[in-house]
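Presented sequentially are two complexes of chain A, the first with chain B as partner and the second with chain C.
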Partner chain A sequence: MSAGNAVKIIRLSGELEISRKYGLRAALTLSEDAAPVLLDLGEVTYADSIALTELLRLCVDAQRSDRPVAMVIKTPQFARLVQYAGLAGAFKIFDDETAAREYLAGLTRR
Partner chain B sequence: MNRRQLVPLALTLGFLLVVVTLLVAGGLYVRSVVETSFRNAERIRTARLHVTELLNEQLDEETGVRGYAAVREPALLAPYYSGRASFAASWSRLHRNLVELSLPAGLPPLRDASEMNRRWLREVAFPVILSRRPRPSLELRGKDLVDRFRIDVRAIDAALARRGAWYNARAETAIVLVGALAPAAVVAVVLAAVLFTVQQYRLGVRLERARVASEEERRKSAEVRAAYETEKRIADTLQQAFSERLFPELSSIGFSATYVPATEEAKVGGDWYDALQLSEDRVLLAIGDVTGHGIEAVIAMNKARQLLIGSALLDATPHHVLEHVNAELVRARSPIITAVSAVIDTRTREFVYAAAGHPPPVLLEPQSPARLLEFGSLPLGVTTETEYTTQRVQTVPGATIVLYTDGAIEHSRDLAQGEALLLEAVESAVRHPGEETAAAIRDRIFDGRKVADDVAILTVHLS
Partner chain C sequence: MPRASQLHLHCPAQSQYVAPVRHALTAFLEALEFERQSLEDITTAAGEALANIVEHAYVKGACPAECYFDLRASVNRRGRLCLDVCDGGLFLERAPLPGRGFGLRIIRAIAGELTIDTSSGTRVRMTFDCKK
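Right, the complex of A and B next:
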């Protein structure tokens, strides 16, 4: 996790599953500041339903507090999973980080 | 006793062994130093005695010669003869002493003293004794030689005294060392005892911790077993309930379904399906999956089922059903649930559905490959802001629609492979009918392998 250019970046990789639940929950907990959130899941290859639920929770929490969220998804396996979970229609998903940053920057300028 | 227990004991014994070895070595060294010092001090005392003898003998010789020179009385030469008689023996003893003491500094003055004595005899004593009249010049010469003799002998004595002082100092140091060794031994033994006690204590703490951990583990494994038994009961009950389920009996439509509880422990519960006749031509189809497992998942599943059926009885439009259920689940802070709510019209063969975070239905029509229908929106119970969409699909006679839960495609963690296998299984099961379609699909997917997650499959075949 790192913060840069007033965008909170959360980076996860590998297989997200129930055994990593508490680590995931900690990683996916938003701080009080109102920075937009860039969720870099570019290296994620799999997520079970528990992990997807945690991701969903984060996105919904961010939206509730008017914090824009952009997700970066690169692996086709995870992209498909996200599509199954119905996230594709509900959140902004990009296949590279630059595009996601530009999207968030555009929102901040407005 | 295991290895970890032996370590502190070995360490302490090792420490003690080193300490005892050092003490014994120190003691032996001190003893040898003291012994040598005493032996040599004795030698030095003897040597200094011989020095005195040598001086006396020279003095005797001199006294005899002087007496004789004064009165020419031969009897007065007696000390001279006795001194001469014992001088050589005294000299030899002193020489041996110096060699034994390894005191080379004493040897040159000793040789010089002997030389002076010889010269005194030759140049002074013999001429005086043999001469018939007094020889005053010889007396002066004699004094000179005797002085040099005495200087030599004093140098030997000084060297002996220095060596004696050195031996004394060494012995004293050794004795001080002995004095220090005793407290050092006491300190070392106390230290070893403390070390051993501390190590024993730490070992005790470790063993206690290990005992508590193993007890905890036993207790946990008992809990896990109990939980597993509970899961197993839930699984058995669910499977029985599903297998006894009756489907609507309609001439134009055939149903089949299967439910396989997860074989892995603590994984069971949460999947369900329903097929319910709403009116003469319309049948409600529903399938869902609760996130999580165990008794809570089963309770949440039951609640969602009832909500879904209740909503559909009021208004079966799929997205209305899902919106209604979703609002209720969000309000009740229910676990997140994925579901498909659908209606099949047996007369028009129109299939309408809405999906909430759930894998989309599979449609297989004659002369077409099996395909996945459109994906849906977010799961139920996440946020009331989620909008669901009703998808409309016009099917043809002979079409098969398959609803399933993610266990049917996520068994290998490779969704693309899971999808392909499912579509293939659907085609194969429908085109080579033998057993019930749902069971055939399940068998083709799992092919006897373990089912990691619950799997529910519901098929509808339109004639």
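Right, the complex of A and C next:
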């Protein structure tokens, strides 16, 4: 079985902003299993601080149960938002899904 | 010679109005031929100031008719943009909750200048010297 099969994938698209606050929280809440998490945010067209808070929450929860998280971010606005918020070191960000999967597979192989 | 331009929007302070106001600001800056990155950064800063009004400015149970936000953008002939985001609520002076407190930091990283005037409601004034 390839490590890719065991990855929990969460895909979000469109604008991740204040009017979607509760939907984002629900979408970014982890189930009990132990799979590594791939957040595919490549189709996100805009994000704000509310989205950052929910992403941070997911990362903290995942860390507690030792689950690695990789994020795919392609939109320049979103990538700059993370920098402006000072969160570049808090997230593991990739600009394509293959690289994110390889990172997660590398961790699970160890 | 480029002309000075203004945009003024006034809406109920509810989350569903934040994106439409941000989109209107985007269209305004596109019409003025702002460069993509400055345009996105300015609308990001505006989005944070508007979200703060929805989340913090008015106490729960306040009369909805009195809860509004107001956005004014004015661009002078030299391409300097002044953006005022105002409300009639009360500025909440407190330490941000854990995992929060990004909005003003994001605005500070983007805007050339930021002033917050809380003498009557809150007025967040951001200025940007823009590449067009």
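As a working rule, the second predicted complex is superposed on the first by the 106 of 110 C-alpha atoms of A that agree within 3 Å, B and C clash if a C-alpha of one lies under 4 Å from a C-alpha of the other, contacts with A are read in each partner's own complex, and residues count from 1 in each chain.
What we mean here is this: a residue touches a chain if its C-beta (ideal position, glycine included) is under 8 Å from a C-beta of that chain, and two chains touch if they have at least 3 such contacts.
Small disclaimer: the values here were computed from a predicted structure and weren't measured.
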item	value
Touched partner set for A:R80, first chain B, second chain C, both or neither	both
Which superposed partner A:A88 touches (first chain B, second chain C, both, neither)	first
Partner chain in contact with A:T53 - chain B first, chain C second, else both or neither	both
Which of chain B and chain C A:E97 touches, first, second, both or neither	neither
Shared contact residues on chain A - chain B and chain C	15, 46, 48-50, 53, 56-57, 60, 76-77, 80-81, 83-87
Of chain C, residues touching chain A in the complex	15-16, 18-19, 22, 37, 40-41, 44, 47-48, 50-51, 54-55, 99-100, 102-103, 105-106, 109-110
List of chain A residues in touch with chain B within their complex	15, 45-46, 48-50, 53, 56-57, 60, 63-64, 76-77, 80-81, 83-90
Sites on chain A touched by chain C in the complex	15, 17-19, 21, 46, 48-50, 52-53, 56-57, 60, 76-77, 80-81, 83-87
In the complex, chain B residues that touch chain A	289, 291-292, 336, 338, 355-360, 375-379, 382-383, 385-386, 406, 410, 413-416, 419
